[in-house]
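Pasting the structures here.
You will see subunit A twice below: alongside subunit B first, and alongside subunit C after that.
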Partner chain A sequence: MEGTLARRIRAGLPGYLLVAPAVAVTVVFFVVPMVVSGYWSLTQYNGIKPPTFVGLDNYIALLTDPRFLRIVQNTVFFVVMGMAIGPLLGLGSAVLLNESVRLRALFRTAFFLPTMVSLVAVATVWKMLYQDQGLINDLLGVFGLPGHAWLNDPTTALPAVVVTSIWQGFGFETVVFLAALQAIPRETYDAAKVDGAGAWAQFRHVTLPGLRATILFIYIIGIIGSFQAFDQIFVMTQGRPGISTRTVVYELVDEFQRLDLGSASAIAYLLLIVLAVLSFLQLRFFGERD
Partner chain B sequence: MRASVPRRVGLYAVLIVAALVMIVPFYWTLSTSFKLPGDVFSGKLIPDPFTLENYQDVFRRLPFATYFLNSVIVSGSIVGLNVVFGTAAAYAFAKLRFPGRDLLFFVFLLTLMVPFQVNLIPLYRIMVELHKAIPAIGVDTYFGLIAPGAVQVFGIFLMRQFLRSIPDEILESARMDGASEWRILRSIVFPLAAPGMATLAIFTFIGAWNDFLWPLIVTNSDEMRTLPVGLALLARRNTVVWGQTMAGTVVAVAPMVVIFLVLQRRFIEGLTAGSVKGGG
Partner chain C sequence: MILRMRPVAVLIATAIVLAGCSGSVSPAPSGAASAVPSAAASAVPSVEGSAVPAESTVPTASLDTTPVTLTVWDYYGKEVTPFTPDAIAAFQNEYPWITVDRQDLDWESYLQKFNVAVSSGQGPDVATLDMTWIPTLASNDVLLDLKALSGGMLNGAPITDQYSKGPIEAMTYGDGYVTMMNDFDAYALYYRADLFEQKGIPVPKTWDELRAAAKKLAEDSNGDGKPDKYLYAVRPNTFHFSQFLFQNGGQLLNPEGTKATFNSDAGVGALDYQVGLIQDGSGLYWSDADGDLPPALVDGRVAMFSDGPYYMGLLKSGVPDQSGKWKIAIAPYSKQPGSYLGGTGLSIPAGSAHQQAAWLFIQYFLRPEQQIRVYTVTGAAPATTAALESPELTQPDPYFGGEAPFTVFLDTMATATHFPYVAAWSQVDTIISENLDAALLGKTDSRAALDEAAVAADAELAK
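This part shows the complex of A and B:
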């Protein structure tokens, strides 16, 4: 038995050689940091003196700190507002583009273009648009509406950042939904029409079921992505005013730079746990279908 | 089925307004980049007077030429490494047999669930230590910027799906003819995998060109910064010089926009292949 295993390993040598670079990179730059991060999350550590083990203290301190809970609340707001609007816009524009529209490719390009561009660049541009004398207030003025200091008001700053993120991201959803819509066979619609289904009934009973897997895909990818929001906050608000736009990852990076490495690692692991649960749900939903 | 006239008018009205909302910020960026400082918030649609001063500032007084070069070097290297090593690993996972293969692939898949931020701090520490041992690598070097992204699991996954469609018979008959695995990889797998590799290259390029958090953390000198980092540090100042900053934005964004407009079909196909078909 051992002889055959040795032989199989020898026969598998090309395979091992081909995966070796991928394994090496993944172990050194992924697995090791991940394990170390888990250990640091259980210690008090400033990067200079050796870490001292403190058990779950960092986690308890974070989860009982009203300031951190406010940051979690901001992050959840970011995710919920983004996910309530973005995919809906994506689906809406995909449904419109799926009609026999002239210049479909042109419209699709317009919607999709921002998703190609770095979030830093998009955030930079929108920071300018949101300025007191910026384009958005100018346009409001055209309609006789008062301007607003969007990024300096704690009630509007976070929604303003979310709007920017939706603007940047929903074209991805448009393109994915459009491809999924075009994959639904025409005959299904024809059959529904024969049965006397109107436009709304067709949408409910043919389109939506046909998009089920795509909707799940969009939501899970989107939720995971928006839980990690950082770039746009860094550029547009730096978490201000107060901590009204501070997100979990922004706080993590901030603690890292303040050399509170134990607590920063605990934030990282809390994020990991939340996202792992969500990814697990994704696998479950997709697994159920296949 | 042709929709009624009012319905079509409504449809186009909505689409045109939406398209304007998407396009105007791009236009405004370009327009502002050609404006004098006093005109930035003037509301002028067309820069008047028209100036190239902002671009001169960005390239002469600010190190955007260096940022640009760094972005090209880093993204180019990451794309090359991923295409070669990602395809090689994907081929092994798709077509070769070796003990531990499925377990290893499962572990790779698990890493897809781990957000990068979990690894960030120890990864930085590894780079600090490497830099102490060998000054040419680690923090604030090309190695530090490139190495953690050199083989991305998502790419292996994408290429594995692609390579599974190559019929085993082709590979078997090459083996019968005495071809080595290396030779099969070079003369059969790579050529057949070219469309998949192009998709992988595009995806990796978008990600690497736009990547921000890691380049921000691992660099600390202007000589090593990439475009998003240089731009972000310009844009987050308390008093932003908007004309210059928009010129910097154009420099950071233009290559991506041009590549996208040229290769659009490929982008969208690659994207939807990963989501719609990949879900089934």
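This part shows the complex of A and C:
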């Protein structure tokens, strides 16, 4: 038994040595801060005086605070709208591009270009577009329609930010779906055609099943990213008007800046739990079954 | 069981790592953003016993000339700091045993870095601090009592003789001074004097006169029946709301700092007044997210607003072709003159090992000739009376119609009030600002908005 263990360790030693730096970095820059942050979440701590242990008070305060629950509601809206529209746009563009379209590479680049631009830059430009005298209101004026204070109206501010995020991000989904579509064997479509399947039936019974893993990937990454929306909120609205565009991560950062480190850490852990559960559920119900 | 749990464990670990990614979600799928650390927040464990008694034990009667290196944290910015290399060299020349290590820090992240440094015993010896940070820092005994260190004297004269009432109150915490104000911020009325003259509008001195002036000033340039030019900028934040609140005889919190009083009749009246300006069509809602006003001044959307001395520099740089068209007046009021008082203070962290040298540095840069440089170099308004009354700051300014705007700000500072010194002030500030929107955007009435804010504020104050 010992000889086998020693042999296994010796055999694996080069591998362990190779991953050791990455493990060390992960431990120092992820695991340790996570553990410390977890402790802070159980304390009242402003970064100046030593933390005071308060148990689950921060979590209870957050989950019973109507203001925080509205912020969660904003975040859920952001995620649902973004993930309802974005992947659909991405898939639609990918399907179109998958046809023998001339200049496909050019269109692919054009769709992907916004994804390569910093979200801060994109948000800055869209903020200008949404202004009272911005291009969007100008275009509405051309059609005789009244302009609107898109970012200063609590009803339209968050949808306006969602539109910006979708515009910036759906190019990524387009490229990923396009690659996945091109990996579906042509023969599968031929066989479906032989069986009398029309375009919609082919899409339902060949394309979608072939994209299952890609769709799962897109939604896991997309939901995790959407729940952490911050940059565009910071640039475009700073969580205003009121708290209509304030998201969970924006609130987390704000609380850190206001030195409410215990509550901020509790928000971080609540987010972690939600994302872990959502990811687990997605993999459990939509993952590949062998 | 263990083998079946393995994929689950890997999944959860992956989710943890992905959730903890900082700015690394690239490319960004729809609705996603570059991530901010969530559970993996950068952490510096607190250091037990890092608190230092607030009162100094350094004798002021004699100078200790042991060579020291003084660390100075400065958020003014390398290009516009009054602590220029020349000025520091001159200070070091006068005090040859002191070497100054001036460090530039970005204002946005300054407070967090300051707290980490101070709580780990590695804070600076002198720090520029935003006056809105003072409540939190002072209430956590982070700042040295400068009254005890100085004996109440600054450059050979009583501190009380060198600042007006507002700054003295702002610098006071308990029985001592936690900072020495280097520059100040208090609001006066900026107005397009050329348009006032053209339309025969007198300079307003009361709220009623301001409202009438705003109505007469506003124009509908595109014929849609709604004024869209030459409006008064209504700013939905605590700084501007408190100006109207104080002018209407109200206060933000009770004297003990335990309960919100901004929802009093005075507060409701103040918010109603701002709502009224917007409803008249002569007020333009200008959110903090919209940034500074110059773009709206350039295209004429705004022709009147309230703000502090630093806006003089913004106007000169942002709207240079409107030189001579702007003037500044005392902000109109209903019951009494009033404004919030902010600015920059120079403080010594309680843990500094070089308190005497730090005080020498602060005194040096609060001399009148250095205070005048606060204006000439940074464009900000010096806080000491001597500088504000100096010929350099009271000479006519051609940009402002040949008038001397600092005389207005000197009067404004005398009646300005600092924000309450309670540990939860930044949370209360956020709550007030957020709830102003509901009333200003017509979603609810002023009383409901302020009452809701008061409930939330009281909960924070009770923590």
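A few points about this structure:
By our rule, the second predicted complex is superposed on the first by the 260 of 290 C-alpha atoms of A that agree within 3 Å, B and C clash if a C-alpha of one lies under 4 Å from a C-alpha of the other, contacts with A are read in each partner's own complex, and residues count from 1 in each chain.
To be clear about the criterion, a contact is a pair of C-beta atoms (placed from the backbone, for glycine too) under 8 Å apart; a residue touches a chain by one contact, two chains touch by 3 or more.
Predicted model only: the values in this text are computed from it and were never measured.
In the superposition on chain A, A:V36 contacts both subunit B and subunit C.
Residue contacts after overlaying the shared chain place A:F107 against subunit B, while subunit C stays out of touching range. Once the two complexes are laid over each other on the shared chain, residue contacts for A:T214 go to subunit B alone; subunit C is not touched.
When both complexes are overlaid on chain A, the residue A:A180 reaches subunit B alone and has no touch with subunit C. By the touch criterion defined above, A:V23 reaches subunit B but does not reach subunit C. With both structures placed on the common chain, the touch criterion links A:L275 to subunit B and to subunit C.
Using the contact criterion defined above for the overlaid structures, shared-chain residue A:L96 touches subunit B, although it does not reach subunit C.
Shared interface residues of subunit A, touching subunit B in one complex and subunit C in the other, are 26, 29-30, 32-34, 36-37, 40, 47, 112, 116, 119, 127, 133, 171-172, 224, 228, 230-231, 238, 249, 252-253, 256, 264-265, 268-269, 271-272, 275-276, 279. Taken together, the subunit A residues at the contact with subunit C in this complex read 26, 29-30, 32-34, 36-38, 40, 44-51, 67, 78-79, 81-83, 85-87, 89-90, 112, 115-116, 119, 127, 132-133, 146, 149, 151-154, 162, 165-166, 168-173, 218, 221-222, 224-226, 228-232, 236-243, 249, 252-254, 256-260, 264-265, 267-269, 271-272, 275-276, 279-280, 283.
For subunit B in complex with subunit A, the residues that touch the partner chain are 2-3, 11-12, 14-15, 18-19, 21-26, 28-29, 32, 40-41, 43, 85-86, 88-89, 91-93, 96-99, 101, 104, 108, 111-126, 147-148, 150-151, 153, 156, 181-182, 185, 206, 209-210, 212-213, 216-217, 227-229, 231-232, 234-236, 240, 242, 245-246, 249, 252-253, 256-257, 260-261, 264, 267-268, 271-272, 275-276, 279-280.
Residue ranges on subunit C touching subunit A, taken from their complex, read 7-8, 11-12, 14-20, 25, 27-43, 45-46, 48, 51, 111-112, 115-116, 118-119, 136-137, 140, 142, 224, 228, 236, 285, 287-290, 299, 301, 423, 426-427, 430, 433-435, 437-438, 441, 443, 456, 463.
Residue ranges of subunit A in contact with subunit B, taken from their complex: 5, 8-9, 11-16, 18-19, 21-23, 25-26, 28-34, 36-37, 40, 47, 93, 96-97, 99-101, 105-114, 116-129, 131, 133-135, 138, 167, 171-172, 175-176, 179-180, 183, 213-214, 217, 224, 227-228, 230-231, 234-235, 238, 249, 252-253, 256, 261, 264-265, 268-269, 271-272, 275-276, 279, 286, 289-290.
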